[in-house]
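Two complexes are shown next, each including chain A; its partner changes from chain B in the first to chain C in the second.
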Partner chain A sequence: MTDSAAPIDAATAPSGRAERLPTRVYLYVSLTILAAIIVIPLLTTALGGFKTLGELRGNPFGLPSQWQWSNYGDILFSQRYWLQMGNSLLIAGLTVFLTLAFSAMAAFTFAHVKFFGSGFLLNYFLIGLMFPAATAILPLFIRIRDLGLLDTYWGVVLPQVAFGLGMSILLFRNFFRNLPSELFDAAFVDGAGYIRFFWRITLPLSRPIIATVGIISFVGSWNSYILPLIMLNSESKYPWPLGIMVYRGEFSTDWQLILAFITLTILPTVIVFFAAQKHIIAGLTAGAVK
Partner chain B sequence: MSGLELRNIAKNYGAVSVIKGINLTVADGEFVALVGPSGCGKSTILRMVAGLEDITDGDILIGEKVVNELTPRERNIAMVFQSYALYPHMTVYQNMAFNLELSGKSKAEIETRVQEAARMLELEPLLDRKPSQLSGGQRQRVAMGRAVVRAPAVFLFDEPLSNLDAKLRVQMRGEIKALHKKVGVTSIYVTHDQVEAMTLADRVVVLNRGVIQQEGSPMELYRRPANLFVAGFIGSPAMNFFEATIAGGAAQATNGLRFPFVAERQLVDGHKVVVGVRPEHFASGDGAMEGEVTFVEPTGGQTFVTLDLAGHQTMVLVSSDEDIFAGNRLSVSAPLERTYVFDAETGVRLSAN
Partner chain C sequence: MSQTSTIDDVPVRATSARHVRRKSNRVRGTLPVLVLFLPPALLVFTVFVILPMGEAAWYSFYNWNGYGLPTEWIGTKNYEIIFRNGAFRQALINNGLIIAVSILIQIPLALWIATMVTHRIKGAVAFRLLFFLPYVLADVAAGMIWRFVYDGQFGLVAGIFNAFGMNAPFWLADKQVAFYAVLGVIVWKYFGFHMMLFVAGLQGVDKSVLEAADIDGATGWQKFYRVTLPMLGSTVRLSVFFAVIGSLQLFDMIMPLTGGGPSNSTQTLVTFLYSFGVMRMQVGFGSAVGVVLFVICVVLAFSYKRIFMKND
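== the complex of A and B ==
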């Protein structure tokens, strides 16, 4: 070795991961723009709920000159808001539960059990990915009517679960297949069959995918408009997107109340997302380092 | 505890035959290593014994009972996997207790058996940890613990050390050997590393392309390889081979070198053969063959010298007391009783040794 070469010392060398200034500026600017696209409409909506209608027209983006707490207060103390939130929660909860239960079991079968026609059956499920519920709304309506489920929660929940299955099975199946196959061998040698393996090994390891599928299905159900519109008739069963429609009819010009109402109905989704996000991130990092 | 017998077992994947009629008897308490290059079918044999893979033909007997149709659990075997396959969401204790729990043992019995296995493998301080909080060697020990608690009839090891670094591998090798001594359970150990196989096993079975090439004690395989494949596979660094023909009772190599050897039976002149000499068997100094040193790899105690013997790159092991440099000339000789000769076509050994 020659003496002229400078010694490389990890302790004194600058960190290998520090970005140069232009890169950092670029990163911050692009991240700020992206964040703004999401945050500004949310903030505008939330703040708009505190304004009077006149101020909302004159000053749509600024802070309210006088905070109209009563806008939110009236909604929070109205029976209708809580009823609609309850309906939405009930429908979303049932949808999430049934989607998770059915798609996890079906995906496990597709991932681990070889049987005649499994490929055909899987494709049959995946075809469902190509059709949104709206395209089949007429046959759906007729079927639900024949089943006598019109104007019931099940009339909304069952089609939502059915149309969510394709995507959920696909996500679950890919995740299950990526679990190390030696785990299955080990469990089999330990004396576990398929069912024990599913409950004791697969499901506990599937938290990230359960959270992902859960969120997708929850948000889908929470924002669903057309299915409840067609299937539900009595206002007492309306979820919030339908509730807003009624609201808009009554206060056709009172946008500030609509903004406040929207803000309050978005809250649960935001909360659910943050609660589940932790599991997604925990799951991702736990898998990364063997 | 019980022995194991494979009777003419075969495995086909469609038209492709991977295992072609294996016969193997493992005595009660014996430690047998299956060794061979990747794709030789050694892991498939192990998985067939475990019951994770169906057999196409033949019988597997554990303790003189045919187990072909039994599930892994009913076969009463335990397996240690290459990737350990610990359940990541369970603690060490739960990992070790899982099997006992599934077979409906009482809480107290599970507790005593897990504690006993943990003591044997020095896992006691780790029982509450998750596998992700353990080092590679510790995970390996947990995997062995999971096998030990069940008190199985047969232990199956599927390349358990190949995920560890070199130093840890040597240490764990010792622990596996010590464990076998303590527990004395019939064991089958699959590896592609011939050093591992030779150091651990009572008996080594060399496999290639789904066929047993030779079985015997480690030194038997080293001293008397049955064919060209075993000769090249066992021993490190590998044996040197020279293409040759028989002429006047000796082997005349194509590059002009002449190797006298002790023949097992009379061979006709012109018979095509392959001559094998192990690097460590060459005697350096004044010898019959001389060549230029092309490069030198010192390892400390010994030096690996690559020698150009009449155009044939030959590995020779010399004591590190001698200073040898590339470009030097070195003369070596192959001792008569350590010169192996194999049939060029069938690969069968023709020399007496």
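== the complex of A and C ==
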């Protein structure tokens, strides 16, 4: 692996010569079958939310005979849906902000400031890449409890930030190191110190890597389940992955309501994914080719 | 990797950067930047990652319910219990199975699909996006969707069986088949990520070599097997690495699907830690499970990198 963080550009159309007819038929047939395997579970989930339970039993695949808009309407007009979305957004927002701030600053010192122990410290952070948060979940719970952060947003945010630091610092450092060195010469001749240099020159040039790290940490936090599950007790603070589990527990066999709820909770993800696909794919695969 | 060549590879620039870094010793303000920029990350990381991991090792020698201080030292008893526990052994086997399926089914599948969506056809990009979509969805949501799909009363599987006039099975409630059903969902959810890695790898394959093979009369399969695949070596090794690490963390998706049941047949290491350590507030025992998981992660990651990725 090289030391750079050039993003994967997998959302651009391939180039080269056009394919012959038999090849095209083979491609389209196989791809369509595969696409169906991806889409059918998602589509039946969304459509199932418009059915009655009775119809779901007889006709899980087709269009609903009568569209039950109220399944979706009741959820959309309920407080819990918006509360959970808000909680998730708040937790993810705080996580992204702190991850960006802490890791960009630390990475800047690793990339540009020469100091005793810098290599050792960088490796110290990289230990965090080697194991998942789950391995230390019980001591983490006790620590959060002893700090009085149990059942607060911070109890989820701080561990998430901590476990994201290794990867974020690595991505930031590699990007900072590859900025043209002439900038430093110029800035330092002009008498700028490190901190001014960081604010005025490094950060404005770092938009792509800020987007990448931000996306990784946002998606991770938005989808995360185990940390909020262990740190939060009151339902009013639950992010949506926890909320969905509670909802299922409450309406255990009313599948039509659960399906509507699932659809509404994954809808933001799907919309954002298709709106910003290039950035999201490049971001989520950037950690892989670091 | 070939597609990620950067300024760093150019020797002239690299030396001048080093020059600046040597000079920067004398730039004023080294101390303020260190004092301001390092401590936030260092503090959060130490308090919430390193110390808990160390504490896990410490707690694992105690029988402790989490209240007061751990006082009841029981030596390595927690570890002995873990390795005699049938559910834990099942979890180990299951994690092994996930790795096997990832390597033998998921990665070849992802590679095959990647070769298809890098052909120059209309809609190739749309197919890529669609295949990547499950990876972006939350594990919990994917697990919930598939719980519905597999449901023997209302789900899609039920619909298919009923259409043929058969009684629908409850796969997730059958301990013989539940884990295979889970494996199916894992492939569905994660193949898109590996496909994207391969798409990037394929874009880095030198077209002129393929054209040369064309002129020599190589068939499509020969071109793939003799030219493309060897050039994808580093991507394959990376892909396997992520499959292994990912499998060890699997938790979120299992919970809505089966919660580890029926009769512990679908436990993974992390769901085992959750059901036996967290749910019962057995801090000592759960910490010991965490330590075992940690050791497995580190040993696998290190030896894999040492053996297979030393040239990448």
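The criterion applied here is as follows: the second predicted complex is superposed on the first by the 208 of 290 C-alpha atoms of A that agree within 3 Å, B and C clash if a C-alpha of one lies under 4 Å from a C-alpha of the other, contacts with A are read in each partner's own complex, and residues count from 1 in each chain.
We take it that contacts are C-beta pairs under 8 Å (C-beta built on N, C-alpha and C of every residue); 3 or more make two chains touch, one makes a residue touch a chain.
Nothing here was measured: the structure is a model prediction, and the numbers come from that model.
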Kindly classify A:Leu205 by the partners it touches after superposition: chain B alone (first), chain C alone (second), both, or neither? first
Applying the document's definition of touch, where does A:Phe120 land relative to chain B and chain C: first, second, both, or neither? neither
Figure out whether A:Leu53 sits in contact with chain B (first) or chain C (second), or with both, or with neither. second
So, does A:Asp185 touch the first partner chain B, the second partner chain C, both, or neither? both
Which of the two, chain B or chain C, is in touch with more residues of chain A? C
Mind sorting out which residues of chain A both chain B and chain C touch, each in its own complex? 180, 185, 188, 289
In the complex, go through chain A and note every residue touching chain B. 180, 182-183, 185-192, 196, 200-201, 204-205, 286, 289-290
Can you tell me which positions in chain C touch chain A when the two form their complex? 1, 3-9, 13, 16-17, 19-25, 27-30, 32-34, 36-38, 40-42, 44-45, 47-53, 55-56, 59, 66, 113, 116-121, 123-125, 127-141, 144-146, 148-149, 151, 153-156, 158-159, 188, 193, 196-197, 199-200, 203, 207, 234, 238, 242, 248-249, 251-252, 255-256, 270, 273-274, 277-278, 283, 286-287, 290-291, 293-294, 297-298, 301, 309, 312
Which residues of chain A touch chain C in the complex? 1-6, 8-19, 23-24, 27-28, 30-31, 34-35, 37-42, 44-45, 48, 53, 56-57, 59-61, 98, 101-103, 105-106, 108-109, 112-115, 121, 124-125, 127-128, 130-132, 134-143, 158-159, 161-163, 165-166, 169, 177-178, 180-181, 184-185, 188, 193-195, 198, 219, 222-226, 230, 241, 244-245, 248, 255, 258-259, 262, 265-266, 269-270, 273-274, 277, 280-281, 284-285, 288-289
Can you check the complex and tell me which residues of chain B touch chain A? 47, 50-52, 71-73, 77-79, 81-83, 85-89, 98-99, 102-103, 132, 146
